[in-house]
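Should a chain be cited, it is by its letter among A, B, C and D, assigned in written order, with residues numbered from 1 in that chain.
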Amino acid sequence: MSDSLSRAELNRRKLAHAQVSPRGALEHLSQRELTLLESRGAGGLHPLFRKCALAVLASGIEIDDAKLLFDTFSDFEIRIDREPFGVRLEVWNAPATAFVDGRMIEGVREHLFSVLRDIVYVATEVEAGRLELSTPAAITDAVFSILRNGRIFDARSPTNLVVCWGGHSISREEYVYTKRVGYELGLRGLDVATGCGPGAMKGPMKGAAIGHAKQRLTSGRYVGITEPGIIAAEPPNPIVNKLVILPDIEKRLEAFVRVGHGFVIFPGGVGTTEEILYLLGILLEPDNEDQPMPVIFTGPQSARSYFERIDRFIGTTLGSEALRRYRIIYDDAEAVARALVDGVEDVRTHRSRTDDAFAYNWRLRIPEGFQRPFEPTHEAMAALELRLDQPVHERAVNLRRAFSGLVAGNVKDSGIRAVEEHGPFRLRADRALMNAIEELLSSFAAEQRMKLEGEYRACYVIDERSS
Amino acid sequence: MSDSLSRAELNRRKLAHAQVSPRGALEHLSQRELTLLESRGAGGLHPLFRKCALAVLASGIEIDDAKLLFDTFSDFEIRIDREPFGVRLEVWNAPATAFVDGRMIEGVREHLFSVLRDIVYVATEVEAGRLELSTPAAITDAVFSILRNGRIFDARSPTNLVVCWGGHSISREEYVYTKRVGYELGLRGLDVATGCGPGAMKGPMKGAAIGHAKQRLTSGRYVGITEPGIIAAEPPNPIVNKLVILPDIEKRLEAFVRVGHGFVIFPGGVGTTEEILYLLGILLEPDNEDQPMPVIFTGPQSARSYFERIDRFIGTTLGSEALRRYRIIYDDAEAVARALVDGVEDVRTHRSRTDDAFAYNWRLRIPEGFQRPFEPTHEAMAALELRLDQPVHERAVNLRRAFSGLVAGNVKDSGIRAVEEHGPFRLRADRALMNAIEELLSSFAAEQRMKLEGEYRACYVIDERSS
Amino acid sequence: MSDSLSRAELNRRKLAHAQVSPRGALEHLSQRELTLLESRGAGGLHPLFRKCALAVLASGIEIDDAKLLFDTFSDFEIRIDREPFGVRLEVWNAPATAFVDGRMIEGVREHLFSVLRDIVYVATEVEAGRLELSTPAAITDAVFSILRNGRIFDARSPTNLVVCWGGHSISREEYVYTKRVGYELGLRGLDVATGCGPGAMKGPMKGAAIGHAKQRLTSGRYVGITEPGIIAAEPPNPIVNKLVILPDIEKRLEAFVRVGHGFVIFPGGVGTTEEILYLLGILLEPDNEDQPMPVIFTGPQSARSYFERIDRFIGTTLGSEALRRYRIIYDDAEAVARALVDGVEDVRTHRSRTDDAFAYNWRLRIPEGFQRPFEPTHEAMAALELRLDQPVHERAVNLRRAFSGLVAGNVKDSGIRAVEEHGPFRLRADRALMNAIEELLSSFAAEQRMKLEGEYRACYVIDERSS
Amino acid sequence: MSDSLSRAELNRRKLAHAQVSPRGALEHLSQRELTLLESRGAGGLHPLFRKCALAVLASGIEIDDAKLLFDTFSDFEIRIDREPFGVRLEVWNAPATAFVDGRMIEGVREHLFSVLRDIVYVATEVEAGRLELSTPAAITDAVFSILRNGRIFDARSPTNLVVCWGGHSISREEYVYTKRVGYELGLRGLDVATGCGPGAMKGPMKGAAIGHAKQRLTSGRYVGITEPGIIAAEPPNPIVNKLVILPDIEKRLEAFVRVGHGFVIFPGGVGTTEEILYLLGILLEPDNEDQPMPVIFTGPQSARSYFERIDRFIGTTLGSEALRRYRIIYDDAEAVARALVDGVEDVRTHRSRTDDAFAYNWRLRIPEGFQRPFEPTHEAMAALELRLDQPVHERAVNLRRAFSGLVAGNVKDSGIRAVEEHGPFRLRADRALMNAIEELLSSFAAEQRMKLEGEYRACYVIDERSS
């Protein structure tokens, strides 16, 4: 079912033209929304919509290089037609993998309309109250509103959403293991949320789909949470049946930690490390001390050295307190699933006791440093303070930013172009941190966790801080 | 099934306290929305929410006097509790008719949450872009957005919505006839929208419900379109399964004419006359000349003199062109239903040909005078220009306003209080118009179309304009 | 919504020809079943199918004279066509009331296919094990199998089925009251089963439909239980969404008492009296002493003298023990509904404690005399032993048979023809019984409870037994 | 997700005791059915029910040796409890693989109730008309009735059912390929029917489940068609959502060819060969000449030599006419799926034109030799006439029987015991047939297509016929 394509082929695999009519729920847009979506000038939404739409249509192409995607499909175009029954989309030069015998795969079609929905919503609603994003509470409210508008909260069993994080570039053995874990989660009625790309983001969903089918659970949720910068590098798998596009990486991460009732972390690369730093950084915040939150690191036996390194890295960078916030389980998918079942039960009890919403963790305190968007320019990366003498959550904030920049340099269109133009990012850190980071990143490169195919060329240089 | 109560009893029929938990779809509010809803100060939403909630709970009480309702239930209170599973409402001293054996009727519960939904939506979304209401197109967009948010457009067969207008205070024979018409509409798969009070607003829905049941149409729509000023005088019948609260009377009327695919007008009083003037005024607008729109006036044989008077009134005030826009059918529910079936088919064809939306009549031009809110103060009423030498649609605009004021004086809380304080409204009109209005209003009073019970006391005085 | 037709019109209201294609669930018949249904010779099912199909199509004609119906529509024909997608029915000269604008009402269509289903099932399945009907247990099993095949047991809330009995020929005031009771039952989530004709069999269903709609109960059951002999006199109302045709009157009565969790008895005539005798006769059986079973006699105030007579009749014929098995409530629909809610709760508790099925009262003992089919020939009627010195349940059995014969003479095709040919039935009874019967029947005639229209001519003569 | 267990472990993996309550649709049994199911004596159904129930619970155990299964779980017991809400099952010493954390997998639960349903139905209904099985038409009718009772015909799109046949013991590469084919079928909206064991019977279903999920097809059918003799060797995978148990192997094969709208045949062993001989034997019948029926043999490139042998075997045994009835496609899942889409379209057209049912191929003529049950005793096997001078369909009938016997000797409880007792089956054939059979069977053994694990010991000896 994988559709890995040699890049040379990509160009030949285009569909000249297709129309996408709504099926089932009709899509209705107001005149103003239509005008916004068609607007191509400064501030117009069309460029953003086109970019995300292309990413969604690239589902099925095993590619993790957004720049390559955009360059290859530079002639892709999309248009919105108003029809009496609602809205119709028309596409030109789209990736053929999104179609079966000339007809768009229904899951992809839904994703296209999710993209449309979220872009319009963010533009018209959140933007209308733009200043409202000035406080942490307002940001949290905005994330909630976007998720609600994306129908993420419609399901009936509200404390069963397990966030699965892990790399897109993982070994076959690791991939099969993520499916097994997903299967055991699905058998136990748990739903899955991921960043919705390939690898550790696809495996758990496929497994859960089979588990749900065996349990006759027809309303299983396969939640994909993404943002415009990452969607092209991690196009959503069509199994995702609830896709939501947050406006930026920080809101995407906030969405994960507020809707997730538990976390499973598979082997991954810099993106997964960014997510781990974000999650543990928040859980270390004293106000969150009482928050139960099951966090399981897991992989097959072959991933043992990987997790030992991650464990060491966390110990060095975040301290021993952080180690108490997760468990590592090797090669036992059932044990992982059972730990999650128990863990989300604790979450449910806690929410009941504290009168917090089952569907959205309002009480979790997210330090403002994690909420504020970080733009990984060369200047911003160079200016990051990576020091051991900071308070731990400040260190976590900055480390998260550093890894966020590395993700951009690896797979995001903007990041790749910046590194091509200005050379690698320069980071500076205390010696111990520098060594910890270096060790981790070298091992990622050696284990081919940085890139799906081709030779990996580092997008960073790290030096010791002169204090 | 009617629950007419002597007013003396109302006070005794209160339910001390009840909790309303969600069932089925969960309701999720953001922190900001909760804060808004709980805010009782200037600009706070709580007073508006409390008022509309009381109106919804008054369903089943056959009363058309908002002031009496609010006075009787002055100790009514409602509170929103955030619970882990969503939102719970708590009420004190609510009308007992909304409950069965202490448990709120599910339809009423849905209405409560519709009220909550629409009040929050209008406050947070439309208000956020308040200035946007400055253009006609922006008003039309806002009406659309509120209806979409209220899930009015979810159904699959988009050109089957028949708006039924008519009085709340009608004879038993007329009421039975409205049921028969609704039944024949329902048998033919047509859905019904009304202003959602008693009388001609309830009958067609009950009839349609039986017709749909016989045809096994489980997704029939019973759309109630209301606004905060009228809801208390015309509380929605629990059959209404899609209730939407527009912010004011003009947007409510615009909603009717843009979502309706056909109109049936039963005998009524000043409110119905206001609606007729609005509808015909718009259809007379030259830009709307090509718009097909079935409009049927109908009633039992006993309503013949009523419709003859209405016909005469329209001829005098709007001219002979207006007479061509509707048909009168006496005592033949099947013929009415068949006329609607044919008429909405024409509407469908027209929308297809002009690429207009099935669900919302974007192309209908509504003169700005009909869109702008009219506040019927004594000054505003006295200042209305009711002249025969105006262009016809301008005359329609002003006549509509005059009747809108009379509705307020009759049944709305604010209007009744204003008349109690300052005496009857004073209207001035050209002699011919004055006579036409006088004739119509006297007949309404004589036929008891102005009020459900008790003696009617006119809330107006009309004089001839001195030119 | 009633469609009472003058009989003269009936003949003109025929639809020359129509095809009825399946919609929704497809109907599949085996070759053998098709052959059986088409077979017109001795033992062939076609005559029975044609007769029941006509009865179903007569829904909407307010007629209670099966003979008149069959005579008027003697040219009615129906044929079954096998189509690739299932089975299609073709009809000629059918009653036009079953159609709306030439298209069959969906509810009627469902009933046609229910008729087809049950006739085929009884013929092929029960008949195949014909000898099995030789024991009481086997009869009870057969009734169960037919009901299960008719999907009567599919619902989720199994102890909410209220059987409503009462006359087809009742006053307007009584009819409105049956609707009110149905409405209050529906508001409380109770479902309704009736014999599915007009009057007291239609009112509660219409009321319940509105009650269910207000409570958003979309899976309400409106169960019609009938048999080939009565269906033409009491054609099912299209609201009935679960129609089942039992092979004879005794199995139909057994179906009622085994699936019903409570009984409401409205004013009626001989048919209702037959049902009361059957129900009380069974409840008086000593083995059923512990069976909770709510039985409420109810009507408007105007029905007071009616129920006082019934009460007296029961006291005289079945004794004081019988009086303790029911309550009479006047003009209080809410109290009736609340009594049923309480009563079915007791039934539920009892079934749980005794491990009896919620859906079917297996443990209720039905004396064999009530189970054995009684063919009301003139001989059989004359031979009935109506004596006070019998054990009470034997007397109940024979009285039930006597009234069953009177029903046949009144409304059934076969009975009317027999009386036309051989004169009135002759009954003989002990003086006290004779007087009780006479008094009751005369009052029925005087109150026009025997016939919908026209003059009533008694189909019986009753004499005193010479002991 | 596979759960291959070393046989030594089986014994330890038992669940001491569990109760299985209904969820969703309630199960209702009559008293008579309950009595039958509990009856353990001669003619009682309990032994058969217990055996099939154990087989269903063995799902997830990768085992193809029914005798081993029954021996290991000789202490398995199952009981049916009547509960107020329906029927509850109680099991002792059941395979633990059917449970997740002590709760039975819902799919397995459904299968248990399917087993119960079909056993009861066949026993009470078909048996009641036992003599009816005396004609071919009656057998075809019985197969239809059992399938209809099993709700196989409920779906809306009736010409999309693709039967996938192939071995349970196939290579990893072949298994992955069956998933790919299933996936492409599912993407195109086709449903899958198989014999419901592991290997080529599981792969297409898992693939189709993912394909359906991506196309948001929530009502995909995964039909498992089995019979009491084979179910233990090929326990249904829980993905199967429509399981039906026919009474014997010949009715099972008839079910396949009458409900299937197309056939995909993957590599397999003797069972697959039996199915090929049955299918081609019927298609060669002159009456079926016009029947369109897509038949695709397919596998990965590595299966090329396998299919070349099968092709040769068919040419030798059934002649060149048979070769025209199928196509072989290597390693192109999309091409297979497209061929099926085209093929079932032809089937649909043909059924429309000939007025045959979409859901059941009534017009297909099945020679009586294929319908009559064949009991593979040593005598019956020895008596088979395998000659080249027979008419081709007679030869097909006998070859089918021979392979049916080999299946029994390989995997069925009764067959394995018979071979253990009496030694291998003896077959006699014309030299050319003998050679063809020998070549095929040796290659199956060499390629380990005969058995999942352990050394294969041939259950047959084949000699040349002395003519």
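Going forward, a residue touches a chain if its C-beta (ideal position, glycine included) is under 8 Å from a C-beta of that chain, and two chains touch if they have at least 3 such contacts.
Given the structure is predicted, the values throughout are model-derived calculations rather than measurements.
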- line: Chain centres computed over CA atoms; the one at greatest distance from chain A is chain C
Chain centre separation in whole Å, for chain D relative to chain B (CA means): 63
- prompt: Just how far, in Å, is the C-alpha centre of chain D from the one of chain A?
  reply: 43
- prompt: Residues of chain C that touch two or more other chains: which are they?
  reply: none
- request: Determine the shape of the graph in which chains are vertices and touching pairs are edges (line, ring, star, complete, other).
  value: ring
Task: Under the touch definition given earlier, write down the residues of chain C that touch chain D in their complex.
output: 25-26, 28, 30-32, 82-86, 124-125, 128-129, 137-138, 140-141, 144-145, 148, 153-154, 156, 158, 348, 351-352, 355-360, 362
- request: Within their complex, state which residues of chain C touch chain B.
  value: 1, 24, 100-101, 105-108, 110, 179-180, 183, 187-188, 206-207, 209-210, 213-218, 238-239, 241, 338, 341
